[in-house]
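Before any comments, here is the structure.
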Amino acid sequence: MTQQIDQTGLSPEKNPKISSNGSHTPPGKVNDFAIRFATVNGTGSASANNLILKAIFRMGVPVSGKNLFPSNIQGLPTWYEIRVNGSGFTSRANSFDIVVAMNTQTYQTDIDSVRSGGYLIYDSSWFMAPKLMREDVNFLGVPFSTLFAEEFPESRERILMRNIGYAGAVAAAISMDPGVVSQLLDETYSASERLRNSNHKAFQLGYNYALENFNCPLPLRLEAMEMNRDKIIIDGNTATALGCIYAGASVAAWYPITPATSVAENFTKLCSRYRRETVTLEDGTTKVQSNFVVLQAEDELAALGMVVGASWAGARAFTSTSGPGISLMNEILGLAYYTEIPAVVIDVQRTGPSTGMPTRVQQADILECAYASHGDTKHILLFPANPEECFSFAVEAFDLADRFQTPVIVLSDLDIGMNDWVVDKLDWDDSYQWNRGRILSADELETISKFYRYADEDADFVTPRTLPGVSSKGAYFNRGSGHDRFGAYTESPEGYVQVVDRLAKKHKAAARYIPEPVLELRDKARFGVITLGSCEMAVKEAVASLAEDGMPLDYLRVRGFPFSDSVKNFIDSHEVNVVVEQNRDAQLRSLLILETECLPSKLRSVLSYGGFPICTEDVVDGLLNELKD
Amino acid sequence: MTQQIDQTGLSPEKNPKISSNGSHTPPGKVNDFAIRFATVNGTGSASANNLILKAIFRMGVPVSGKNLFPSNIQGLPTWYEIRVNGSGFTSRANSFDIVVAMNTQTYQTDIDSVRSGGYLIYDSSWFMAPKLMREDVNFLGVPFSTLFAEEFPESRERILMRNIGYAGAVAAAISMDPGVVSQLLDETYSASERLRNSNHKAFQLGYNYALENFNCPLPLRLEAMEMNRDKIIIDGNTATALGCIYAGASVAAWYPITPATSVAENFTKLCSRYRRETVTLEDGTTKVQSNFVVLQAEDELAALGMVVGASWAGARAFTSTSGPGISLMNEILGLAYYTEIPAVVIDVQRTGPSTGMPTRVQQADILECAYASHGDTKHILLFPANPEECFSFAVEAFDLADRFQTPVIVLSDLDIGMNDWVVDKLDWDDSYQWNRGRILSADELETISKFYRYADEDADFVTPRTLPGVSSKGAYFNRGSGHDRFGAYTESPEGYVQVVDRLAKKHKAAARYIPEPVLELRDKARFGVITLGSCEMAVKEAVASLAEDGMPLDYLRVRGFPFSDSVKNFIDSHEVNVVVEQNRDAQLRSLLILETECLPSKLRSVLSYGGFPICTEDVVDGLLNELKD
Amino acid sequence: MPSIRKPLIPLAPLATNGIGLTVRDYEGAMSTLCAGCGHDSITAALVQTFFELDTPPEMVAKLSGIGCSSKTPTYFVSGAHGFNSVHGRMPPIVTGANAANRDNIYIGISGDGDSLSIGTGHFVHAIRKNVNMVYIIENNGVYGLTKGQFSPTSDVGSTTKRGVPNEVPPIDPVELALSLGASFVARSFSGDKKQLIPILKAAIEHHGFAMIDVISPCIQFNNHQGSTKSYKYIREHELNEIDSVFLRASDQITAELPADSRMSVAMHDGSVIMFRTLPDNYDPRDRAGAVNYVTEAKARGEVPTGLLYVDRELPDIHDLNNTTPEPLINLPFDKLCPGRGELMKFQESFR
Amino acid sequence: MPSIRKPLIPLAPLATNGIGLTVRDYEGAMSTLCAGCGHDSITAALVQTFFELDTPPEMVAKLSGIGCSSKTPTYFVSGAHGFNSVHGRMPPIVTGANAANRDNIYIGISGDGDSLSIGTGHFVHAIRKNVNMVYIIENNGVYGLTKGQFSPTSDVGSTTKRGVPNEVPPIDPVELALSLGASFVARSFSGDKKQLIPILKAAIEHHGFAMIDVISPCIQFNNHQGSTKSYKYIREHELNEIDSVFLRASDQITAELPADSRMSVAMHDGSVIMFRTLPDNYDPRDRAGAVNYVTEAKARGEVPTGLLYVDRELPDIHDLNNTTPEPLINLPFDKLCPGRGELMKFQESFR
């Protein structure tokens, strides 16, 4: 039996209270549900969605927020999904307990996405076609438009406030602490009493309407916890930018591209904050000076060229981009590899091939990045799984690039980079000193008889470099054409081979410096599950739930390439391993086969590549399917 | 005991005749030796070297000519190597029976490259440092400069004629039929009596000097055979260009790059010959019209862009490039893959990474080409082994590209592309009709109710396309962004996945259409040898010689990717297979592992990547090393 | 186009053009751009232009790069093939398509970022090759689709939404095209259909590369105070001294010729561009004069619009190549393949 | 440089410059270019220039793309760091290097193919950014290293060795740079050291992007009859009306100032460019005038050379950015890393 609802959608007052024992109402779920907000982009729903997310966070409950937005600017459907999970598993949900349907264009999809027994909150000021109704879903109409038309006569404000209104309705429905929301609104609009007041009012309108008309709280309840004391909400791109700042990067070059743009934009903002000094000039006047340069390049080839130039000259430099940019950077990646110039590249992956779906996620640049460029080339890769690692791996990337004098590509993705993640507060050890690798100073050059760029390798097969402007004794000719260990031009097989052989060894040697894989081992596990990056949450939850169901699995998350021996050992020590990743062609699996030389049959695949972040359910199903006897 | 030679090099007359039984003189070798000509580039030695090559060819003896030239225009050392082998194995030699040392800068290297017991022919007009002399080599001084200074007072001519002079000396040494040479000179200079005469004279000067002063013929002898009756001498780039002509390509776009330049330049020349028509205009005048367009693009991105544009519009179009160009084409290769537009790319590989050694060979673009571009992409590759296959595979490439509506990359290399190969005369079946794949005409469009670009797949997962300008009923929107099977823009997982899943299947389906691997099976062979492209000659000779020595090996040469089942079967049916290829990172082996899912341990490697074409000896040593018990 | 759904049944029967099509037949999919985006007005002008020119839809080939502007080919002439390619690379794609089939009418739509940042080299070389196409830069002085970064046409002093001023001097596509010797150079304003449509018509008829820089405000990221590409700024600073009309050969018989024409430029097919107003001593066939006019106006803070320069004689790719008049794609295989006999003959020299 | 080996022991002791170095100290490896290549003369001019400017070799950073021209950085100032990069991408590499260390003297060497074909976009945008560097196009109107294809500066009618004429109109780097507002634009001829050296000096001193288009004949592929970039053609068609000398601040005290100076342009460090001859009414600070002069001379078939235009006021990247005067590479880590305390503070807003 469904709740009785207004079939026309026009008389919201008639919406009855929900009986808490309605047959489709699930048993009460505490801190374990998912909400989806369906809106139109460009209508300012972000602040309402964020308000809910932050309030849940402040109540100490694990939560995540994922934005599924279209590749346009205004007027198309967009979704924001919040998953609340007291156990901390906050991968994307694949069906929703509450759907807030504010976009009539997508009613059908949105109603479909409510799980059986869940709730649909919609604007009952407008007509809801009866054929859209689902028997097994509770339709909660709120006459938002009518309600807000009275209170907010100005149209732009009305639209914005209506959003805060649905946040209010949701807050009531999930028994959110109104004090937390109130506090949040006060903080957010501390600068404007007017905005503060109207937001409060809008929130209350929605909140009260829900309270009065529905049987609140619904059987989905928030209860305050203490899980977020040392946590923050942050997206990966902000964290990456912060990492670049902390690593001491002073030159950034970039070309705008979704979903990487906010790395450079955040870096620029952070530079304004941390890298500007006011100095007093000789004439007594003061001047603000910049301890950084950010270059908006004409394209991605130029962006990486600038990074290579800056690194050659001696700065820590980076660029951020996404798949199409990586493709364009292929030639210069090879140049940096062969001439041994550090370069940090942040690849925030999106759905390919080609332009693909720019606002959707994938992990499909793995193979291209590993072997980018013609000829024999191999790069160092890092695979952060969340914003916290975006921060620390950014720093790591610069150390590795300097240490190994080679490009390091950090493979983040849209889910990590642009969504809202709750992670441990970022920490910093003030005793950290950057590792600039082997750079000879003028003084050091004085102590040697003659400097040869590609000779005198250390245990990791790295040779010392010198910087222009320092000493003519260190002068050498950097060239992407054939060179021997002395740095001289060569076309001789021996001279050439000696250098490229060392490069191959150097790449291998880097394995020891790559962040070790994360392991979660379980007693009696016969099978292994291997994953990377933003799959982490879904895979961990899947593994935990299968363990509960009596199928213990060992878990390994690789965090970089070249792989350390522990990866090979893990593979070898399981009958079968399933590699979970977000691309069509099993790219991580391919890289593992090639670089660990393991038996291909030991590695199976669970793949998710439709462009939405991977869901736990898909992983569970996939694992069961691959591991069924 | 060495031959008695003039230690100063100043008195050539004192060079004694060679005693045919000198202790270091090898037993007479008939049609089995190698000659190296060491000269300076830009001095016109090509015609002399070619004269020798052609004369040997005309004597019916299997021969090859390989040019090892520097990446500059004039004044640096350059070598031309001729290998004569009656059994038809004409891979590059790794030591030489005769070295003609015309470049004092490289005396050391050149003298080192003479095999023990071999001969050095040098210009004894100049000083030869005693320390360069080798006890085990016969030094045959010819006072070229002195001799030719008298006869050819004009300096440019003298230099050119001196080259013909050393050709004469070599001809005498190896008992070449002077009639053949004479005939060749008559043909070559049929247009100019003066040139004809001076060339004859120059040749005779060298020839006679050798005859008179050395014990000619040396124990290395040519004997006429009948092996070349249906053969030609041709380089791969010319053959490729010819293939493009025969395939009906009407648009070419390119950007100059060694060693691919001559593909486009030859295509242009051939178009002038075969694709110009004289038409009579209405006013009675005549006009020459071109049935082709060749576009010299501003860069490689543009070159491939033009090809994609032309193919989209309905022409057969191609570009030719080398590694750096492939790197630059990554983005647009992904566009063509995802939008399913045919595109033929000829990659004449050179030594990487980066600019590398532009005039040296490697097969190191295999992995990059197989998976070029970000996102999940896979391309069709063809691997010609010689100019004959360059011709036929070029045609094949267009058929495949049209049939599968996708880029096809032909991986030739510098050795094939720019060296002189003796191959079977190219043949053509006049009943051949191009396979343009599924293109709907206006009439066909009339018969269907509605056209959807990515629907209605055939057994090979190919869907029909339409061309602009034909019918508005066939109009569709080609886009590199997410699209569904109807061709509509999509950001929906299902719509997107449906198309990319079909693309993966389409790529697999192409395996049946790729030229089958070449097999050479031997009784009782336990091990397999797998190779590709220009390794063929060296590997075949190695395998033949090992078979003679009691180690029968099975041989397989892959000719394209995706691999057919026969490749996997071959691998599986041998305990161990050795993959012979010319790159550092075992790229073919990697591709085989990934795409056949064979046991990595079944595939071992013999790699040659110093930039000179692979030698039989290296293969023999490598195989013995890998297969030793 | 347009952003608002049309009623399914037109209230009055729509007028038809010379080939019996209505203006509706020249529309495309519904625009997904922001309501009020300048680009949508350009789309509308294109719809009207093709309708008035009686263009068979299948003769049109619409190509673009990536950007809000580059999305617009979807929104006009749904009966034409379209190609939304990759960022900055539309010019070579058109060049190739044009090589293969010279009969199509090629409309390239690009943005200021697409053409003058990542695509600079291709833009320059398409001009140099005088590819026969209409090249429209929907110039909003900003990267729309990536949300508001400066583009190479952002003027010094123009600010972002947040108020950060641009400091790098802009590239002016008109000056650049003139300096490179483009054969047809115009500037217009998306808000001025009356000016834009005749220019579009002339550009379509022009044999060679016709560049139209259309100032097209981005209401989302660059329509505010401080922007030099806002509706307000252009309305206040436009220097609209050049007024041209385009008359097809057939029009010239039926329609009344404008009496006030100051100059007319005859096109190859008999159509004609009539300049009704021109600045004193201005000759749109004089490149140096056009450069001067543009430079001086700019120095005064004005934005000169109109059909600024046209050279009817510059040969295009096919002229230089003497390509057969038949589109290459129509050549039968036996015209392209020399056959076995020729192959045998050819190889005689390879022995 | 140069192509012929020097005797190991100089016959007479060589003169030293202000920092005690001889001209030999400014040479590099032996050239591997063709004997007689114009590029070698440019190298020689650079050697002389640095010697005369008393430049500490380690202050020089030499960068290039790919081509015969791009090989030449190996042939001068062996005590300087060099970077022979990839085809067409030298400008962004210099831009990045300059961002990191503003103190080096950046010399970018490129070819006409490198700069105006594959590198067009980068060339244009380095001009737009006014990167502080000397940018030399060793312009031979041909692709030398790949053996004689036409480049974007091949003039119409210029033929290949085989006699095939070029038909696509050329891009003139001087016109292009002027149109883009480059802050220093000159043209010279590799065969004219007297003209080239003062221009090089001024370019090195210039704060901003200094473009020098040096016509530099390729004796191998483009020095024949029919070529407009041959020694003969340039010698016959050069319009050499602008003659400048460059005087460092110190020179002005010791040396006699040229009495015949018609105009002088003071540089920021006190050095001065003296124009000894100038065409009538020509002001090298007037961009429009320079454009006119170049266009008109070209129309007459002449090749105008000299320091054509200089704008001393255009800000470079660092000026716009207010970058600290200290090269960024010298900033210690603790100036760059805000430390733990700031991180904690920053994260307060993330709760």
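First chain written, first letter: the chains are A, B, C and D, and each begins at residue 1.
Following the convention adopted for this analysis, a contact is a pair of C-beta atoms (placed from the backbone, for glycine too) under 8 Å apart; a residue touches a chain by one contact, two chains touch by 3 or more.
Since we're looking at a predicted model, the values are computed, not measured.
Chain pairs A-D and B-D differ in how many C-beta pairs are in contact, and the one with more is A-D.
For subunit D, the chain whose average C-alpha position is most distant is A.
If each chain is reduced to the centroid of its CA atoms, subunit A and subunit D end up 44 Å from each other. Here the CA centre of subunit C is 36 Å from the CA centre of subunit D.
For the pair subunit B and subunit D, the distance between mean C-alpha positions equals 39 Å. Distance between chain centres (mean CA atoms), subunit A to subunit B: 46 Å.
Shown for subunit D are the residues in touch with two or more other chains, namely 86, 117-118, 120-121, 124-125, 129, 152. Residue positions 70-71, 298-299, 324, 331, 335, 354-355, 479-481 of subunit B each touch two or more of the other chains.
Here subunit B touches subunit D in the complex through residues 42, 70-76, 255-258, 261, 296, 298-300, 324, 354-355, going by the rule given at the top. On subunit D, the positions that touch subunit A within their shared complex are 56-59, 61, 63, 73-74, 78-86, 89, 91-101, 103-104, 121-122, 124-125, 129, 317-318, 321-325, 327-329, 331, 333, 335-340, 342-344, 346-347, 350-351. By the touch criterion given at the top, residues 70-71, 322-324, 326-328, 330-331, 334-335, 337-339, 351-360, 362, 364-365, 367-368, 371-378, 479-482, 490-494, 496-497, 500-501, 504, 583-585, 587, 590, 593-594, 597-601, 609-612 of subunit B touch subunit A in their complex.
Subunit D meets subunit B in the complex at residues 3, 32-35, 66, 68, 71, 86-88, 117-118, 120, 143-147, 149-150, 152, 220. Looking at the complex, you find that subunit B touches subunit C at residues 57-58, 228, 231-234, 242, 245-251, 253, 274-275, 277, 279, 287-295, 297-299, 301-303, 305-315, 317, 331-332, 335, 425-430, 432-434, 466-481, 489.
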